[in-house]
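A, B, C and D label the chains in the order they appear, each numbered from 1.
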């Protein structure tokens, strides 16, 4: 047995991993540095030359990366909220309050057998989940999280949104037809019919806002709602808001309009024959859709990233950390200790029954809270985009909560009642809304000159 | 199969080729009705619902012939849960027979015990002590409430609501724990004996019952507030699967399904048994006869059952709970038909004794078996979703249907 | 038991009764022959005084020598169960007219009786196995059908006899189809 | 229900929102197990006496008598190969089990009797000789044995049973009937716990609870496998402090309201050995 083998045999698993990893990293790092030194200028020139493409690629990668955690978060929200409404506790074993449960679900889906039934149309069957997921995450790119945080500020953002969002139905149809199952077929056809019926009021309901703002770009629509609470379109276009909300509920296949996967009627709808990660794509796409439609609603009607109340002042905090010099690391080192002691002291003096370590823990928590609040305030003051993003996410997730709440409460509508509602009520109402808005605009402008 | 202009998925031209291992030849019709069912018209296709399906209560298989979303025809296929209980009862002695009938309808098993026990008591010509009669009424009404609360959860679940089933299971669990404290078992209480009941009321049961009675009515009402006036629920069930009184009588329908058509037929009134004649309660009836009426009649029965329990608790006499009987039940030769009014209808037992210690023939009649015939006539021409609503409103339990 | 019902039945049905009306507990029992079964049911159902509108139960009985079909009827007029027994179906080819023309709800109960006893109800449009699989040959509730543990209790007669349970000639589904379709 | 359209939906939503904040009804199963109702007719198990021997005679009459075949005795067959579920009594190994034979008055094979004799039984034989192997003089025999050994060894009882021909059940019954006959060596150390109100308030309740839990017994019952006996003090001694615990007649001074837990733990540790 050679020496190397002997050493290798002595190593622990972690040691073996390191022994493999370190040389690879060293060599790889050396190579990359060498490449950068040699071709760095050229690469930078290329990137600088066609910045839009790079920006687009980066944006698409980032959006793709944020969809999955969003889906996990929404799945966990749904499990937990519906459980609490059912007087259950819900997931509580994995992670704090079961927060990791949905990730474990994702791993389970990954580990499941990916089964392709006989006599399915294999290419279509395989492509369908991809199409659905693509359609749902491509729409994320036009969502204006904040004025500075819009990955692609399309001028036709709203139109693009509806177009790509409608594309998901193609995937559902593909899944329904290709999986050679009657339940799947029914589910796919239901999805198509429902989407076609509700695209129309969905699109028509925002025409009023387009008339008011004169643009289709989502950032501009959000900007048009800046100002006080009453500038939000939900107060200026309440009828449109109601129609839009119902329509997006149907678009996202949420209860009470989840006829496409009505498990009491058609077992799992279009996803009946799917398993493993292919089913996971459908599953994620559903929740990403919920997030997207909530984001769209909050962007179009709830003022997007605008704060509901405009603060009269915007604090300007100028701290030049560099000016502290050597004190900075010292401060960073001793400030927590001093702060903890300072916060712990009053508690410790307050009562003799409180043990010292309890007082210290409480003081540490208090100091942590205070410092976090201070840093947050500082960040909010320094980076305005952060405040906007926070407002946007608050609105979006409150809407997500409303969707989950409805799922926990309402029974399902029958498919024909669903259609009838779309064609008989929502369509005329949205047309009425358009005419009223146009008339109002006409009168005001003519009155103006 | 006739030449079709709009091919369906059952068309051999696009279905699985005969060579493949997944190929199933079409079943050969055995009767006129089946032959008529198996012929497909333009664009019709079969959808095989069950035996494992989210909304068939138990293992029921329903072959549905649909045209698009419309249900053209429908053929329930039974027997997936068949245990041959009647044959088993003929090979067991009378006590064991009661034990066998217990798991027939696992949702309300006390009624499945009460019917054969009534028949055997007729055969033995034994008078049940009054306290035992009161205890039987009390437990049966409790079981009726448990079954109906569970039904309203089921109904909402089959219409797509997630929450009510869990709330009604909370209510049911309290009653079930109560009965477990009394009888020892949670689901299949084998509590009734020939000539009485297995054990007297104990303190745990009474305390649980007291706490439950203090808040049952309000709690159940607040649970109902979730869907009773919900527009979606009402729109889906009103005017769906309308059953008129004459058809109901000709189809042999009993129980709440019959009362929802306006016929106030209730064994507790028309064929008085136990101490029901001395108790005061109403027979809730509706005249619409649709799914909503079937639902609401059951909801009203819950309130009446609470009334009955209240009276029983006040009038409960003292005394023995078991009549004096030989250990080995050996009745005189004869025939007897015992029936009770259950949460789903008339549970009947027709027992023939030949003088031995085993019933010579024991026929068990279960209302769900009859009511399941209605699913076809009531859903023909409606949508697939309505099949679920109708089936849920008829409230069959496959354990009883398949015997 | 109400004796008024007994006299009423005696007058209404008259010579159709094979035995005088028997009453025990809250049950009134009459017996009619196979030939008169359908019209007796018709009378009981249609008569404005009797109006036994509800067919509570329909079942077959194998007494070992013969087959019986037992109907349990209920009327709003009387507080008695009416039990109508139709005796004397021979065990090899039990055959009786169906009651589905009066009570469509009797269809499945007749199917069950056919499934368990092989009794053929002429006129039932859907007379086939309901519990047992379609290719099942024997009729479980007949007295010559032994249970497995029954066999273990009586070593002489048991598993051996289980599979050759008495199957009446031409009581197979095909003949039922022939009967009902008149082919 | 002719009201504003959607009011039903709104009411339902409001109801779920109220339930959202109400206390939850989940039973955390693996931690919290539901109690079995006292009338539960579940699985029956054969109980063993404090010597680890079967108390059941395996006469199978319960299984034969149960009207609904709820009792169903099973076990391993006599060769220890298969688990027999239903069969004649003779084919169960439990039926050959020594104490089952002895209790049901069946003859015990010598092997079964010999393998248990761990003490020298000359004194037993002497006592038996003195009483002329007379089962009617059982009390005298047992008293003699206790005088010889200080207590009643199980093997001595077996020997008595075989020698006098009396059923072991009879010997054992006699031995358990009389208070002064003991199964355990040595004199019984008695721990008497005062349960008057001030003492309970001072923590004797915790003492009693800990000790009963520790020794798996109840107050006032001997613990056969140790020479310890937990009792309730009939009355609070005069001018005695609370809490009061008396061990073998001497009251424990070092016990006070603050060190109840530690003191009890120490006591339990001392007597567990």
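We adopt the following convention: contacts are C-beta pairs under 8 Å (C-beta built on N, C-alpha and C of every residue); 3 or more make two chains touch, one makes a residue touch a chain.
Here the structure is a predicted model, which means the values were calculated and not measured.
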Task: Maximum inter-chain contact count - chain pair - done: B-C
Task: Intercentroid distance (Cα basis), subunit D paired with subunit A, Å - done: 62
Open item on the list: Using Cα averages as centroids, what's the distance between subunit A and subunit B in whole Å?
Closed with: 47
Task: Gap in Å, rounded to a whole number, between the CA centres of subunit D and subunit C - done: 60
Open item on the list: Report the inter-centroid distance (CA atoms only) between subunit A and subunit C in whole Å.
Closed with: 67
Task: Numbers and ranges of subunit D residues touching at least 2 other chains - done: 9, 12, 15-16, 19, 25
Task: Touching two or more other chains - residue numbers and ranges from subunit B - done: 163, 167, 170, 226-227, 230, 232-233
Open item on the list: Where in subunit A do residues touch at least two different other chains?
Closed with: 85-88, 408-410
TODO: Chain pairs that touch, all of them, please.
DONE: A-B, A-D, B-C, B-D
Open item on the list: Going by the contact rule set out above, which residues of subunit B touch subunit D in the complex?
Closed with: 93, 95-96, 98-99, 163, 167, 170, 177, 180-185, 190, 199, 202, 204, 222, 225-234, 327
Task: Footprint of subunit B on subunit C - complex, ascending - done: 24-27, 29, 53-57, 59, 61-62, 70, 72, 74, 76, 79, 81, 83, 102-109, 112, 116, 125-134, 140-141, 145, 147, 149-150, 173-174, 176-177, 180-181
TODO: In the complex, go through subunit B and note every residue touching subunit C.
DONE: 27, 29-34, 78-79, 82, 84, 86-88, 90-91, 122, 249-254, 265, 270-272, 334-337, 339, 346, 348, 350, 352, 361, 363, 365, 369-370, 372-373, 402-403
Task: Residue ranges of subunit B in contact with subunit A within the complex - done: 9, 16, 20, 22, 45-47, 53-55, 69, 156-163, 166-167, 170, 226-227, 230, 232-233, 235-236, 383-388
Task: For the subunit D and subunit A complex, residues of the former touching the latter - done: 9, 12-13, 15-17, 19-20, 22, 24-26, 28
